[in-house]
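Everything below concerns the one structure shown next.
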Amino acid sequence: MSGSGAERPLSPVARSVEAVLFVAVQPVGVRELSSVTGVAEDQVARALEEINLRYRNCHGLCLLNIAGGWMMATSPEQEEVVAMFRDVALTQKIRLSKAALESLAVAAYAQPVTRSEIEEIRGVRCERVLETLLRHGLIRVAGRRKGSGTPLLYRTTDSFLSIFGLGSISDLPTLEEMQEILSSGDESSDGGDDER
Amino acid sequence: MTLDVELEGFSGPLDLLCHLVETGEIQASNISVSELIRVYSDFLLRTERAGINEMAEFFSLMARLLLGKLKALLPSLPGLETPPGDEELDPGFLEEALIRYRPYRMAAAYLGDLMRSRERSFIRGNPEEGPPWYDLGDLYSLSMVWWEMVGRKKDRTGHKVQLVEEAGWDGIPVATPDEEQVESRMEELRDLIAGRGSMLLSEIIGFSGTRQLLVVTFLALLEMTRLGIIHISQEELFGDVRIRS
Amino acid sequence: MSGSGAERPLSPVARSVEAVLFVAVQPVGVRELSSVTGVAEDQVARALEEINLRYRNCHGLCLLNIAGGWMMATSPEQEEVVAMFRDVALTQKIRLSKAALESLAVAAYAQPVTRSEIEEIRGVRCERVLETLLRHGLIRVAGRRKGSGTPLLYRTTDSFLSIFGLGSISDLPTLEEMQEILSSGDESSDGGDDER
């Protein structure tokens, strides 16, 4: 119904610039856009103008000129719906990144545990990941470790147990139970494993 | 996350068999083991698509087939217990297996196409926290991640961990040389030989320190000869062997 | 110069949906879009169509229907320029062998499936391949089969759907359909078949 075809396509350069700005995680300068698209900087500038105008007139998006570069963002008119979505998204079905899953695993198996203990096992920093887990109610702060610095201790929550279908933390699979996957079945040859 | 599919070579013996059937080199309805091996070795001599892994798997399948036949002939032969999962290996097995297998082979190709077309679009992403996603509630992933971390940590601290050791095929020892090792050795040798035009075998062996490396080197040289990458000649009896690119 | 102003704006609902999809980090379902924008699901569906069409005709972007939801992405035509822009090192490339892809196909079609069932179909052991697929989050363990040995059952994940661009598993052609494609493809593959 909206397919009257009256809409003029963005120019090829503008479409490329649009795609690049879409995936960029920080502002992209005209020079970089020019080198990536292979067209002159003034052409890039015209393309940016073209996108800007089109977005302003027709879309829920806009271009921002920030710190000497360009970024795509949602348009100010959409503030409310985006804010609402962000709130809702938090309570929706959650999927965890590998980093989050790893931190959660440490918290589950080694609890109570401090941030630096988690970092030590994972070998990377994890402040932001812990924030995510806290926000989703998967872990909670459970006091402080005594001693130097008295760091915060984390534990998993009841909601963690119910999400993972566990009666209690002691129901977490043991190494023996996971052996089948982890060791690609040294033991799986048949029922005859006798060390138990 | 992007995937990169290596479509060279075959995915296993059945894939290879399908290929042989499709190209009319073999009749699925009357396959005998000796015929199969003959066709297969003919095929090996001509093709560059089969790697060492596929060969090993192929011969492993053949070995199981032979074992099955042997048992049929000599049911009372001691020590020939059927490894679990091998019961279906009577002579009609291959055709049946092929019929069951072929749609999946097709499906794999279909998935490959899907993935390539999906790969052409990029989503916005935060590189550090990006996909893959794990569905929350997936207990086994959570647990696997933990025990892997424990394993890695033990590795780092020098303890022996048996977590990622490979088991042999039931009853049949692992016959698969590490293909990647051979392939990377092939690349090294290719560079080495290309750099000099030609080399003597004794020189190349001089570069191969351990016994394992020596074996890998020989396998790599054989494979390279088969693929026509190098030519091997011996100028006099018991003399050194010259290798040219 | 491009400012003729002739372009028709997207409808208000479409603009809101566009903004939400822009900020979403994973596929958003129609129901969720409906609850956030406060309009009925069929209106959301129409808005998605509107955006889809507009993107296809005029932009460097597109919509993908993945794992039961919608995502914004760059259009396939922009593949090259985006790939050039994105540091290839940032997108971790997973190498899948043909054997892995095949095992994944069996898992996708026969799920939930045990390792030995996959091995039976493929005629080879596949523990290492399964480990690769597990590690990359393409399949997951989904419990154990009851009965002798209680072997682990595997299923494909949402991440699988997302990487292969599938809305759901039912978007895959069935094995019977594969068989048909197969038998029609057979005739063209070689001249030497006699039953026609």
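As written, the chain order gives the labels A, B and C, with residue 1 at the start of each chain.
Everything below uses one rule, namely that a residue touches a chain if its C-beta (ideal position, glycine included) is under 8 Å from a C-beta of that chain, and two chains touch if they have at least 3 such contacts.
Everything numeric here is computed off the predicted structure, so don't read it as measured data.
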Going by average Cα coordinates, which chain is farthest removed from subunit B?
A
Higher number of C-beta pairs in contact (A-B or B-C) found for B-C
Measuring from CA centroids, which chain ends up nearest the centre of the complete protein set?
C
Subunit A to subunit C, mean C-alpha position gap in Å, rounds to 19
Any idea how many Å lie between the Cα centroids of subunit A and subunit B?
36
Counting only Cα atoms for the centres, state how far subunit B is from subunit C in Å.
28
For subunit B, which residues are shared contacts with two or more other chains?
122-127, 131-135, 138, 140-141, 144, 166-167
For subunit C, jot down the residues that touch at least 2 other chains.
22, 26, 72, 74-75, 82, 86, 127-128, 134, 137, 141, 152, 158
Sites on subunit B touched by subunit C in the complex:
1-15, 22-24, 57, 60-61, 85, 88, 97, 100-108, 110-112, 114-115, 117-127, 131-135, 138, 140-141, 144, 166-167, 169
Touching residues (chain side subunit C, partner subunit A) in the complex:
2-11, 14-20, 22-24, 26, 28, 32, 35-37, 46, 49-50, 53-54, 57-61, 72, 74-75, 77-78, 81-82, 84-86, 115, 127-128, 130-131, 134, 137, 141, 149, 152, 158
Looking at the complex, which residues from subunit C come into contact with subunit B?
22, 25-26, 62, 64, 71-76, 79, 82-83, 86, 90-99, 101-102, 104-106, 108-109, 116, 119-125, 127-128, 134, 136-138, 140-142, 152, 157-159, 162-166, 172-173, 175, 178-179, 181-182, 186, 189-190, 192
Within the complex, which stretch of subunit B touches subunit A?
84, 122-151, 153, 162-167, 170
